[in-house]
């Protein structure tokens, strides 16, 4: 069996197909832990993980915090507004200080692409990218792929449509990297401003009409409309977006009977997705959340060199 | 012995007398734990409690957090300003996400009456109401009753005066529910605007002059003047309030020698209560805080199905 | 061997030379714990430490939090903006409430000098001063002395220069107290407005030109320029400060080859210290951070009466 050779997880684009599968298999083992009455394993006991979020995200922070607790690690939460960054200290100096406090793992959410890599080169601690600007959000990509594989039994040859603001989406980039590496057939769907043709160089198709994929795709992954990161000139009006790209009831009725409906959350009911469609049986949005915990346990375990191979219970 | 049949604690009005006594007896067992050198028991090890506070309250949050830690549960803190609610996600979706993360218990503080019940109906996790608008604050009511019973040996027939802003007080509602169920003789005291006659339907007396109860009551429970929730038209001036309803030194001198002086805190010294009176021997304000920890341990233990009956040390 | 007789750590000025050495020796024992794979010891298991920060400081808070976790204590974080203080409750009442919740240790950061002592007199819990106004920051002072002693083998007779805003610095006061007690030869360096002659009464020298110490000092400890606490009338322009008192490359070249360069952090690169000088081999700034963890473990252990003498691994 192969060995995990990365102290950091910065981008899914860095991983081979074999490494991606190793992370997914480890996550499957940990998923069993979450279903037991006693959800803790001692794998990272005595190790310290710092949740260092310079950009707020309660959901991702909480998921990493729970993942670390279940591995028996100690967890410190740091937010930018509370941190020394507000006193003018640089990201590098803050991170060096965290390492000097014997932090074993730093989970970084930051608005700048490349911030995690910047730290990974300078620190001995494991750096886990929890989203760096519009670059990558590798644990989100892994949990999406994990969910597709668990539900549909394979990734190779799977038709996956990713719909919405691809241009500014780190979730899309991580999905594209992992899905293409594992042989999926990926189509990016959205207006020309948000899904430029240049993305084709990543080995994906581009579609500007949702009708091109709605009846044939195996998976439809709807990206969140993130007003924060979008500049007005790229974006049609909200009503126009819904009418062209929202997963309405009418469109959901045209999806294949076993098509997976996915969304990284938090969902805007009535925008990217109709509220009833979000709750229907083909929707695996909440299972993605549950799988995120298993995936993050796996990533922390692999990167921090946890002792003992996890086995399913 | 009876069995605890509730996955949630939403309101003391939902509990029978037998259930109230069961919670109080369980709290008494846990109070012993807080007095030991080693304050932890493994009852909820591996379980996860989320402190989900959409309305800030450091005191109640801290009390629940310590209670969970002493039961060896893992604790996650989420505040509204930090949470996805600020991105427009609904309470229900946020809670569904917490459940998808395998949270066993969600402690909810929310400004809307009925918010805890709303979640309890939709989630399998235990929901503990830590205050929902002006509706109920059941663990506060339980700790108040616990303190009266511990100090005075009984609840039945006890004369209890609750003074202040009854109309907007969830603390008052929880106290009224438990005290009347257990046979206490409750009088609500305050100006007509804050203590309307309609409250009599709950089986309590209403008094608009503190003189009506000051010399005969066994317990005087002073509610905090909460400027946040009070509309000006209901409330006399602060000076007028103190002169009519504040527990001044002169009034305290007229209380029975063994009358309990209670307050849910934080106290406004010199407003609801004279500063010296707050610190005198009949005041059990700090013991209420200590008892709150035991009561919350009991509630978490009962609702989350902790293993093993706690025994006093 | 001597016995630790303090429930609190309020100021290094309160400690005898023997007590200072006892704290430093205990820290040395705990430093070994931080270098082991399993960094936790059960010394404070079941005890609760509250990080009560009325003035924000992520670095100091995090260091105390990690120290407590490594001693297996439970940790609660409270910040002023989140706490009841914002509802008008007094410091004393908030602290009494923390004690009523069976908190064993309260770590207090507060903008008022004497705030820790105020609490220590009124509470049975151990109070650890994490910085009180411009008075003292005893764990910072201890970690500075620990670092000097570890690196240079002694304190007695050591020439130590403290440079910058002495007048408003609690770090300077704690350093002065410990260093003079242990026999170091301390010189305070800065403009006359920030280093008044009156400091000589503490048994130190005063210098208004950095040239007076640059070639002979064994340690140069650069204080952070803290705009928050400085009034304009005391302070020259920033450029003027750098030209007169900053540790530039040119000045660093004149330091002794084994001179220790210290800074309590966070550093302002290019202000108190040139960026390259901060990273050179004589700089022990990050080691100070690591030592802070060991020192805080020692202080928590000694004050909270941890069981069992720690031994190096």
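The first chain written gets the first letter, and so on, giving A, B and C; residue counts start at 1 in each chain.
Following the convention adopted for this analysis, a contact is a pair of C-beta atoms (placed from the backbone, for glycine too) under 8 Å apart; a residue touches a chain by one contact, two chains touch by 3 or more.
Being a predicted model, the structure only gives us computed values, none of them experimental.
Colleague: Classify the chain contact graph as line, ring, star, complete or other.
Modeller: Looks like everything touches everything, fully connected.
Colleague: If I list every residue number at the interface of chain A and chain C, are over half of them used by both copies, so same, or under half, so different?
Modeller: Different: when the shared numbers are divided by all numbers used, the fraction is under half.
Colleague: On a C-alpha centroid basis, what's the spacing between chain A and chain C, in Å?
Modeller: 40
Colleague: Going through chain A residue by residue, note those that touch at least 2 other chains and give them in order.
Modeller: Correct list: empty.
Colleague: Could you list, by residue number, the parts of chain C that touch chain B in their complex?
Modeller: On the chain C side, the touching residues are 45-48, 50, 74, 76, 78, 82-84, 87-90, 93-94, 96-102.
Colleague: Once bound in the complex, which stretches of chain A touch chain B?
Modeller: The touching residues are 34, 36-40, 56, 58-59, 62-63, 65-66, 69-70, 79, 265-269, 286-287, 289-290, 292-293.
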